[in-house]
Amino acid sequence: MPFARHVGVEVTDAGDGEATGHLELDDVHSSSPDRFVAHGAVPYALADTVGGAAVMSIVGRPTPTIDMRIDYLAPANGARIEAHAEVVRAGDSVAAVDVTVTDGGGEQLATARGVYKTGGGDGETAWESAERATD
Amino acid sequence: MPFARHVGVEVTDAGDGEATGHLELDDVHSSSPDRFVAHGAVPYALADTVGGAAVMSIVGRPTPTIDMRIDYLAPANGARIEAHAEVVRAGDSVAAVDVTVTDGGGEQLATARGVYKTGGGDGETAWESAERATD
Amino acid sequence: MPFARHVGVEVTDAGDGEATGHLELDDVHSSSPDRFVAHGAVPYALADTVGGAAVMSIVGRPTPTIDMRIDYLAPANGARIEAHAEVVRAGDSVAAVDVTVTDGGGEQLATARGVYKTGGGDGETAWESAERATD
Amino acid sequence: MPFARHVGVEVTDAGDGEATGHLELDDVHSSSPDRFVAHGAVPYALADTVGGAAVMSIVGRPTPTIDMRIDYLAPANGARIEAHAEVVRAGDSVAAVDVTVTDGGGEQLATARGVYKTGGGDGETAWESAERATD
């Protein structure tokens, strides 16, 4: 996954509806030139990637994200962020996943909840087959 | 729908991926015994019901809610709330819907975004067929 | 709280940023006249109320909901739903709360994440003081 | 903003609670090595950045993201994505923002809704002053 590599996301483990990953924080991840605090899209990129890996570990093929909500609980201003994802429910159409993002020491930095597509073909998006846009 | 009736939700129009409804506010809807301001679950009940009606108008059968987010923008403390829902994308598995809740005069009180199940059988929930709970 | 009573929500415990409540399900809560499955706004009403009670237990005064997301994991078609809320972070402006809704036997039916206002006066909404609507 | 530059986000306009930006898509943004479709974190990074710029245009200082939800409506597989953000309500504690992400031709690719902190000091996060973690 080129973008995951560009951002530095590493998925280290995935299986049975769970996945784990991390990201080494660097100046490039900062939201400010003056002091280091990771841009909110950095933990998001980790959460979305690890969440997708958790679903894929059950479904066995790419599972596009339908939606994700992330809540920021503390600044990511250390050396590393880690994420653990767990599928809380998987159906024939969609799966719901909980992701927790922590710093290296276990403090929660963010939590995310995502819904991923599990059915309807090996699509590049959640909407590929039989799409009916109404707007 | 017994609960929609219990709360006072009326869906007045549904078709082509859009739906409209309203609710006459009464003392029973208040979140406080001292002054009238509708409980947050009142606009939510209207939004979820009208959103489902919009999806059902395309799909033709019950479409369980997978998730919904509601943002409260102003207090619902007038005589009435109204909602308009619009399907922004409908696929073979899920549909995404935007709902706007206003007072009688057009002021936005809340906006909601929901994802509903469109595929996988005439289920009472989003998870009915081939469900694989992993926790 | 008139609406909580109208729906049947009971908050049984609140303190130290946590709260617990339940709701006895009845025909009136159904989303269908034919078979019993609770309308999605029923667990939402419980989650929002219990979530608010958890925040209020820290802040000591009403804390309007700013936004809430709910994910439905299984149908609420039993005799009772229960909810437990926990403040995951409370600041001077807002607090974030996790809510889990279960049936009487501990199965997860829904999870919710809400953000509530904690600062800026004893307001009936999140937006009361110094509000600047831009639309 | 180093990370926004790393991803390629450009904010071209911000004022009066609105902001506009774009991002030229490149191989580095892909979620797949085989065919080009942008990783979900790419439109998220654009949406969060442009949403923050819209709030900052009113508040005049950094406004950390409290939470954001993004819904993916179509694959970002063209040459460019664009975003427009609009503050729908700004209070003394928080602001709510709507963001629409489109391709170069106006097709909606994603919508996002975020809540940003507007009060409580020039903090690097939403939780800086008087933070009371309860877990």
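A, B, C and D label the chains in the order they appear, each numbered from 1.
Note that in this section a contact is a pair of C-beta atoms (placed from the backbone, for glycine too) under 8 Å apart; a residue touches a chain by one contact, two chains touch by 3 or more.
Computed from a prediction, not measured in an experiment: that's the story for all the values here.
**Student:** If you match contact pairs by residue number, which of B-C, A-B or C-D shares over half of them with A-D?
**Tutor:** Of the listed options, the interface copy of A-D is B-C.
**Student:** Please report how many Å separate the Cα centroid of subunit B from that of subunit C, as a whole number.
**Tutor:** 16
**Student:** Measuring from the mean C-alpha position of subunit A to the mean C-alpha position of subunit C, what distance in angstrom results?
**Tutor:** Taking the average C-alpha coordinate of subunit A and of subunit C, the gap between them is 26 Å.
**Student:** Note the residues in subunit B that touch 2 or more other chains, in rising order.
**Tutor:** Only 66-67, 69, 71, 73-74, 88-89, 96, 108, 113, 115, 126-128, 133, 135 qualify.
**Student:** In graph terms, nodes being chains and edges touches, is this line, ring, star, complete or other?
**Tutor:** complete
**Student:** Help me check something: in the complex, which residues belonging to subunit B touch subunit A?
**Tutor:** Going by the criterion above, the answer is residues 16-18, 58, 66-67, 69, 86-94, 96, 113, 115, 117, 119-120, 126-135.
**Student:** Flag every residue of subunit C that touches subunit A in the complex, lowest number first.
**Tutor:** Residues in contact with subunit A: 69, 71, 73-74, 88-89, 96, 98, 108, 111, 113, 115.
**Student:** Residues of subunit B touching subunit C in their complex?
**Tutor:** Of all residues in subunit B, those touching subunit C are 1-4, 6-7, 27-33, 35, 37-42, 44-45, 48-49, 62, 64-75, 77, 108, 124-128, 133, 135.
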